[in-house]
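Each remark here refers to the structure printed beneath this line.
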Amino acid sequence: MSNFEPKIIAFVCNWCTYAGADLAGTSRIKYAPNVRIVRFPCTGRIDFMLLLKALQTGADGIIVSGCHPADCHYTAGNYHARRRWIIFKSLLDFVGFDTGRITFSWVSAAEGAKWAQIVNETVDKIRDLGPYTDYSNLNKLGVGTITEVLNARTA
Amino acid sequence: MQELHNKIKSILENGSASLFIAYQKSREGKITPTFITKPEQSQKAYFGDDCKQNLAVYIHKQEVKNFGKVGIFANIYTLKSLLQIYAENQIRDDYLKVVTINPNGAIVEFANFMEIENYVNENKPAPNPEDMERVEKLSNLSREERWDYWLNELSTCIKCYACRAACPMCYCTKCTVDCNQPQWISTPSHSLGNIEWHIMRAMHLAGRCVECNECARVCPMDIPLNLLTVKLNDTANIEFGQQAGLKGELDYALSTFKVDDKENFIR
Amino acid sequence: MIKIAYFPGCSLEGSSKEYNESLLAVSKEFEIQLEEVHDWNCCGATAAHNLNKVLSISLPARTLALAEKQGFSEILVPCAACYSRLLTAYNELNKDAALLEKVKEILEIDFSAKVKPFTVIDFIQKHIQPKLKEKVKKPLNAKIACYYGCLLVRPPKLVEVERYEDPLMMESIVKELGATPLDWAFKTECCGAGLSVSRTSTVGKLCSKILDDALSRGATMFAVACPMCQSNLDMRRRNANVFLNEKADAPVLFITQLIGLALGLDKKELGLQRHFVPFNLEIFDKPIPKETLGKSKKVEEV
Amino acid sequence: MNYKTLNTNKLPEFFEKIKKTGKTVLAPRKKGNKTFFATFDSFDQINFDYVQTALSPKSVLFPRVEELFTYKNDDGTYSVKEPELKNEVVVFGMRPCDGVALDYLCDFFLNENPDKLLQDRKNNTTFISLACKSFDNDCFCTSVGSSPAETLGSDLCFTDMGNGSYYVEVVTDKGQKLVDAFPDLFADTKEINKVEQLAQVPVRFELKNLVPKIPTVFETNIWLDQSLACIGCGACAYVCPTCSCFDVQDECNPKAGTRLRCWDSCAFGQFTLHASGHNPREVQSNRWRNRVMHKFNYSVQNMNTISCVGCGRCIRVCPAGMSIIEHLISVEEA
Amino acid sequence: MSRIGVFICHCGENIGGTVDCEKVAETAAKYPGVAYSVDYKYMCSDPGQNMIKDAIKEHKLTGVVVAACSPRMHEPTFRKAVSEAGINPFLCEMANLREHCSWVHLKDDSTTEKAEELVKVLVEKVKRNQPLEPIKVPVTKTALVLGGGIAGIQAALDIANSGHKVIMIEKSPSIGGHMSQLSETFPTLDCSQCILTPRMVEVAQHPNITLYTYAELVGLDGFIGNFQASIKLKAKSIDHDICNGCGDCIAKCPIKKIPDEFNAGLGTRTAVYVPFPQAVPNKPVIDRENCTYFTRDGKCGLCAKVCTKGAIDYSQKDEIITIDVGAVVVATGFDIKGTDFFPEYGYGRYKDVITGLQFERLASASGPTLGEIKRPSDGKVPQNIVFIACAGSRDPAKGIEYCSKICCMYTAKHAMLYKHKVHQGKASVFYMDIRAGGKMYEEFVRRAIEEDDVNYIRGRVSRIYEKNGKLIVKGVDTLLDAYPVEIEADMVVLATAGIANEGSEELAQSLHISYDQHNFFAEAHPKLKPVETNTAGIMLAGACQSPKDIPDSVSQASGAAVKVAALFSKDELTRDPLIAYVNRCGPPTYSTCVGCFLCVSVCPYLAIEKEQIKDRNGNLIKEVAKINPGLCQGCGTCVALCRSKSIDIYGYSHSQVFAEVMALFNERSLENV
C-alpha cells in the first residue's frame, strides 16, 4: 500500500468553501493534489445520494464543506444541510459504512489555510486507511448467480 | 364486533362513505383487507390484535380514490400514518371517515384530523422494545460487523419493492428509483443497487416513518428493514425532538432547523 | 375527606411546631386529611446543593419517590426551604432523564418523579380560600404585613409565582379574614434565614429593617408562611430591637394561625403560646391606624 | 425411464461426491421461517422440513440480475465481451411443480430465439426434485393439471419411500449421467407406485371449466373486486417459478459499461408505461387482469399451456393476503 | 451528440509552470464528446478569446470548457466571448486549473493528472448544460415606505428626490415617529422638532410622495419589482379634503381624559385630536374607541355641530386599497419596555418612576409641563433624580440579551438637561458600561460628568420602593468595592430596553421577511447586506431592525433608498436564471410532484407555492408545488430535499452534478468491469 494515493472528492458550496479554496490558491498555500472539487450553489443543494455515488465511482474519501453556521449566502441552506448530514451520518454509521472517510467541515471564504489543512489531513487519514473497496465493487456481488448471496445470508 | 359492523353499516347507509376499508378473517384464519361497498356486507369486518396490515396505504390508490368518500378502520399505526400523510397534504379531511377501536374496546369515530391527533397522542404506542434492542445490539457491534450484517441482509433483496408498496409514506408519483435521467439508484438487485435503494428509502423515511413495521413484515426475504427507519427516527427524535405521525401539521426534521442544532463531526 | 400527601420536614417537628399544629387544625376544619409521607427524610437544605449536586437532588427525590410509591401525585411542603429543595429536585429530574436514572439507582427506587411539591399558600388558595369567607367567625381587626421572604417566591423560573417581587397571595387571604393587608416594600427582603444560629447580629440587623418598614407604615402584626421567616422575626426580635429606636412588639403569626383565629379556633390548638413575641387576642380590639407613611424610625446605617 | 433407489443415509455421500467433481450443489436451507436454495458446508445444514421454498429454482436458470455483456471504450475503440458460463450446478430438493415450471420457462426462453445464457445455464444444471409428502392451504398443483407425482422438468425425481430409501426416477439423460457417475450409490429397481407415499393435494377448481371462462369475464368488475387489496409490489412475480418478465439495464460510464438483465413485474405501476406517459394498463386492476390472463389465457394461446403450476408461492408472499385460488374460484363461479 | 471545445490556458507560467497544459489538451481531445481541444498562453487575452470564437464556428461546438483561473474571476469574460460567437453563454463552463490546482500543488505528474480530471468533470457537466436566458422581470417604479418616522421620512425623500414615486403609510394620525417626541438630541442638544418638522412638511408636499396616515399594511403579495400591497385606510371620521384644521372640534370635545400617546401617557387628549401641534397632516381624526358617538350609539355629536365646514363624517368606513409597488422599505420603528416590566422597580406602580421617553416629554417645551421637570405624582420639581441605564437591556434573565444602544447617550442627555433646568438638583446615573461610540459621543458623556456634575455610579439597582414620599433606590457601586448605595430620590428615570413593536412578527410574516428571536426584522447579511432583507426587493431602515439612534437610522434609510433607486434605474430586472423549478409533463401525470409540500418550509425565500392543476372544466386534478422565479435565489436546498426529484435547478441540475461525480475516478469501476 506504500504507493497508494487516495482519491478525494470534495463537495463544496460556491460562496464560502469554493472561495476559500480560491483564496488558498491566491495565497499559494500548498496542499495535496488528491482532491477534486465539485461546485454547488450551497451545501443545501448537495444530495446525500451523491456521496454514495462518489464512493461507488471510486472515491476513497469525501470532503463536504460549506459556509459556517449563520454565514450561508442563502441564509439557511447550511442549517438544512447540517440536519441532513446528522441523519445521513447516523444511517451510514448504522449500516457500517466507514464514515471516517467523510470529512464534513465549514470553511469560509477567508479560510484558505483551513481549506488546505482540511485537505491535507483528510488525504493523510485516507492514505493510512487504504483504498475504499467495501462499496465500489458491490455492483458485482449478486450478479448472475444466487449462490453467493444466499450463502452470505445463511452464514 | 357487532358494534363495528353497525358503525360501518351506518356510515355506508348515511353516505359519509361509499367504500369502507377494514380487515376480514378467512376460514383458515388469514387476516386480509376487505373493501365493503354495501351496508349488508358490514359483518365481514373483523378486528383483533392480529390485524397488522397498515390499511392507510390504500388511501393513495387511484382505484380507491375513485370511490370518492372512503371510510377506513384504522389500528393505531394506521391512525399515525393517516395523520402523517394528512400533514403531508395527501388527504382531504372531508373525504375520509376514520373509525378505530379504543383500548377499552369502544368504537371511536373521528370527526376530523384534530380528533385523530388528540387520540393518537393519548394512545401513543411505545417503541417496539424488540426493535430498539436489535438496533441497540447492532449499534454496539464493531463497524465491520455491522457492515457484514447489513451487506448480508441487503444482498438478499430481490427488489420486489414490497417495502415501498406496503408503506403509507411511500406515495410518490414517481419514486427516485424510477428516475433514470440520471439513474440515481441502480435498479438491478445486485448488492450495490440494493444498498443504494435501502439507504435512500431509509433517508426518505427518516422522521416520517410511523414505525408500523410493515416493510419488514411484507419482505419476502425477511430483511429487518424497519431497523433502518427505527434507527433514523430515533436519531431525529434525539437530535431534533421530532417524531412522525403525531401531528396534523407538518413537522419534518429535514425541512426545518434550529440555529443551535448540535453535531460533533463538522469541523 | 380529601387526602393530601404531607411532608412536614424538620422545622415543623421542632422550632415551628405551631405551624404544624395550626396547619393540621385548619385542615381538619375543611375536612382535609394531611397524610405524612411514610419514612420521609431530610430535604438536604441548606448545605447539600453547595457540596454535591447528585446528593442534593437524591435527598429530596427520595421523599418524592416515596410519595409516588404511596400513591400521591402532589405533596404539600409547608417549609419554604424544604419546598425549594423538593421543587428543584422535581424540576431537575423531569428535565434530565439521565439524572433520573442515576437517582433511581442511588435510591434503589423505581419512580418517575411526577409528584409535584406545593406550598401552604398554594394549598390555601386551592383548598381553603374558596370556602373561607363563609367559615370566618371572627373577622380579624388588624393591619397585617404579609412577609414572604425569599424561597417562597424565588427563583422565579422555578416557583412560577406571578408577581415575585411584590406577591399578593397572602394579602388576598388575609383580606378574606377581615384584616387589612399592608402595602409595603420589604415583603421579599432577606431575613438572614440560614444565619439565624451563627450570626444573630446580622439576622437582627436584617430583621430590623423589615420590622421598621412594616411598622412605620402602620402594621399591627405579621403573617408568614415560612418557618425561618417566623423564627427570625419572632425569636430574634431581641437582636432586631437593638437596631430600632422604638422596640417592636408586633407578633409574627403563620398564615395558618391567622386563619385558625378567624375560624374561632382555640389559641392553644394553634400553638400561639409558643411564640417569643407574645400574642394577645386583645390586639384585635385596638383601632388600626389609617393609611400612613409614618415617620421612619432611625435605622442604623449599614 | 430408468428407476433406481438410493439409501437415504447415502445422500450426504452423494452430495460430497458431486462436490468433489467440481460441481456446486444447492439444497434447501432454512433462514428464519423460510427455506431457500443455497450452497452448504455440511449436510446437517440442509432443511427437509418444508412444504415449499420461498424462492423458486427459477433463479438458477434466470437469475434476478445477470450480465448480458460488457464493453469498453479505449479512446474510441469499443470492444464487447460476453460472459462465459462454465460453473456446473446440481439443485436438490425442488418440488415437482417447480419442475413443471422450469419446463415452461425453458420453453419460453429457448423455443424460437434461444437465449444463449439460459441455454448454457440449463446445460450446466441438473435439477433433482423431491416429491412432496406434505402440502398446505396454498398448494393447488392438482387444480392446474399437475401433482406431487409429476416428473416433467426434473432431471431426477426423488421420493422418500419411508423405508430408508429414496425411489429415484431418472427422467432425462442429464439425470442419467449424474446417476451413472456414482454407480455404487444407486441400485436398480423397477417402476414403483409412489402415489401413496405422496401428499394428496385437493382439487380446488376445474381447470377445464375455468380456461374457457376467463376471457368471457374480461370486461367485468371482477378484476377490480379482486385486486383492490393489491398494493402493487412485485413479490408475486418474483417468487413465481414461471414469471419471465425482465428489464434490461445498462450500467456505464464514458469508458466502459455492462448490460444487465433484471427481473421485472407486471404488478409495478411502470409496467407497460409508455414514454408518452400513457399506460394502457393504467390502474392496478388492469395489471392484475393481465397477470391472470397471462397465466391462464395468453400462454395457452401462445404456448399451448397455462403458465401456473400451483406452487402457491404468490399466495404465501402476498402482503395483502391475496389468493389466486380464491380469485380463480370466483371467476369460475362468476 | 455533444461537440465540446476545451481550451486550456497556461496563464503565462501561472498554470503552465506547474501543469503540463499540452498534455491536458491532448488527453481532453480523446475524451468522448470533445470535438476540439487546444492550449494557449493567455485565454483571456483578445487572441485567446478569438481562438474560442473561431473554434466555435469552425468546429460547430455545442459547449465550451475553458480551463483557466477561477470562474469567480473570468466566468463572465468567457461567457460573453462565447455568446459573441453565437452560442448561449450558459453553455460555457470553467475548470479551475489555477487557484484550485497549479497554485496549490507542485509541478508533478499528479498535478497534471488532477488538471485532466478537472477538465473531464467540466466536460461532462457542460455536455448537459442547457441554454438559459436571464430572467427579466418588469419593475413597477413605485416604492412603498412603511412607517413615517425619521427613517421612513428619509427613505421616502431620497427615493422621491431621485425621481420615483413613493407611497408612504403611517399607522398613527401623523408622521414624525418617536423623533417628534424627543426634546433635544444628542450630542448637539439641538431641538428635535426643529430639525424634524421641515422634513415632515417636505414629505407632505413632495409631488412624488403619496402619504396615507392612519393606515396599515394588511398584505403583500408578489415579488421584487412586482409587489401588490393591500393597505387599510382607517376611517378618520373627518373628511380631510374639507377640514381646514381650525381645531374647533378639538376645543369642544367633551372626552378629555384619554391618556396621550404622544406624551407617553403623561398628559391627556380629546377623542377628536391632532397628536401634536406640528402634526402632518395637521388635521384631526376621531378616535372611535374613545368617542362617545361611537361607544354610546350616536350620543354627543358636538364636533359635527361646531364644525363650520361640515367636515365631520361619522359614516366613514375603513377602506382597503391595493397598490402595485416595485420595492418596499420597512421603517416601522420600535417600542420601549414600560416601567411595569420591572418587578424590582415596583411593577410600574410608582408614578415617579418613569421611562426615558416620558422624561423626553417632561423635558420638551411642547410637553405636558412645557419643558419644566416636574414629577408626575405631585408636580414638584425633583431635587434628587436617579437615572438607571440598561433597564432590561443586556439582561438575559429578563430575556433581552442585547444592548439597546441608544440608552447610554440619551441618559447622559437627560441628566444634562435636568441639570440645565434644575441647577441645584442632584442627578445620579446607575450604569453597567458607558457605550459612547460615535462622533462626539464620548465627549458628550464626559461633559455630563465633568461639566454638569452628574454622579455616575457603576452598578445596578436591585430595588426601588417608596417611603415617606421618597423613592428609595437601593443599588451597588461596583467601583467602590461593591459597596451598597441607597439614594432617596424624588424621581427615577428608567432607560428601558428598546424592543420590537407589538405585531412586528405578524407584519414580518405578511411581508415574508425573517425576524430574529426578539422580533426585530432580520437583514439579509449582517455585514454585507445590512439594509436588504432576504426577500429581494424589501429593504429595512431604522429601528425596526434593531434599536438605533437618529444618525444611524437616517444613514440606513438613505442606504435603503439607494438600493430602491438602483432597482428602479432599469425598466426590467435581470436576474441570474440559475433557479429551481418543479417539473411539468403531459397528462395523466402533469408533474411528478406529489404535492407533499415538504419543500415549502425548507425554502429560505418562501418561493414555493401551491399550484392547482385543473382540467378544462375547472375540476382539480392535483395540487403541486410551484417555484416563484421572482423569489427563488437558487440555493437548491429544495432540490436535494425533494424525494421524487421533481424539483431541479438550472446550472446545477441533477444530471449535471450526477455526471460530474460519476466522471471522476472511474478507473476503478473500469477494473471491475
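Note that the chains are named A, B, C, D and E in the order they appear, and that numbering of residues resets to 1 at the start of each chain.
Note that in this section a contact is a pair of C-beta atoms (placed from the backbone, for glycine too) under 8 Å apart; a residue touches a chain by one contact, two chains touch by 3 or more.
Fair warning: this is a prediction, and the values are worked out from it, not measured in the lab.
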{"item": "Set of chains whose contacts include both chain D and chain B", "value": "A, E"}
{"item": "Chain hops separating chain C from chain B, counting only touching neighbours", "value": "2"}
{"item": "Nearest-to-centre chain - CA centroid comparison", "value": "B"}
{"item": "Computed distance of Cα centres, chain E from chain D, in Å", "value": "69"}
{"item": "Chain A and chain C: spacing of chain centres that average the CA atoms, whole Å", "value": "63"}
{"item": "Centroid spacing, where centroids are CA-atom means, of chain C and chain E in whole angstrom", "value": "52"}
{"item": "Centre distance in Å when chain C and chain D are each reduced to the mean of their C-alpha atoms", "value": "84"}
{"item": "Junction residues of chain E - those touching two or more other chains", "value": "589, 602, 641, 654, 658, 662, 666-667, 669"}
{"item": "Residues of chain A touching at least two other chains", "value": "48, 53, 56-57, 70, 76, 80, 84, 139-140, 142-143, 150, 153"}
{"item": "Two or more partner chains touched - positions in chain B", "value": "176, 184, 186, 188-190, 193, 221, 254-256"}
{"item": "Pairs of chains found to touch, sorted by chain label", "value": "A-B, A-D, A-E, B-D, B-E, C-E, D-E"}
{"item": "Touching residues (chain side chain D, partner chain E) in the complex", "value": "70, 72-73, 75-76, 253-258, 276-278, 282"}
{"item": "Chain D - residues contacting chain B, complex", "value": "31-34, 54-55, 64-65, 137, 224-225, 227-229, 231-235, 237-239, 247, 249, 251, 260, 262-263, 265, 268, 270, 283-285, 317, 319-322"}
{"item": "Residues of chain E defined as touching chain B within the complex", "value": "589, 591-602, 623, 641, 643-646, 654-655, 658-659, 662"}
{"item": "Residue ranges of chain E in contact with chain A within the complex", "value": "70-72, 96, 98-101, 103-106, 108, 110-111, 113-114, 117-118, 121, 514, 524, 526, 534, 578, 602, 604-605, 633-637, 639-641, 649, 651-652, 654, 657-658, 660-662, 664-669, 672"}
{"item": "Chain C residues within the chain E interface of the complex", "value": "163-166, 185-186, 213, 216, 293, 295-296, 302"}
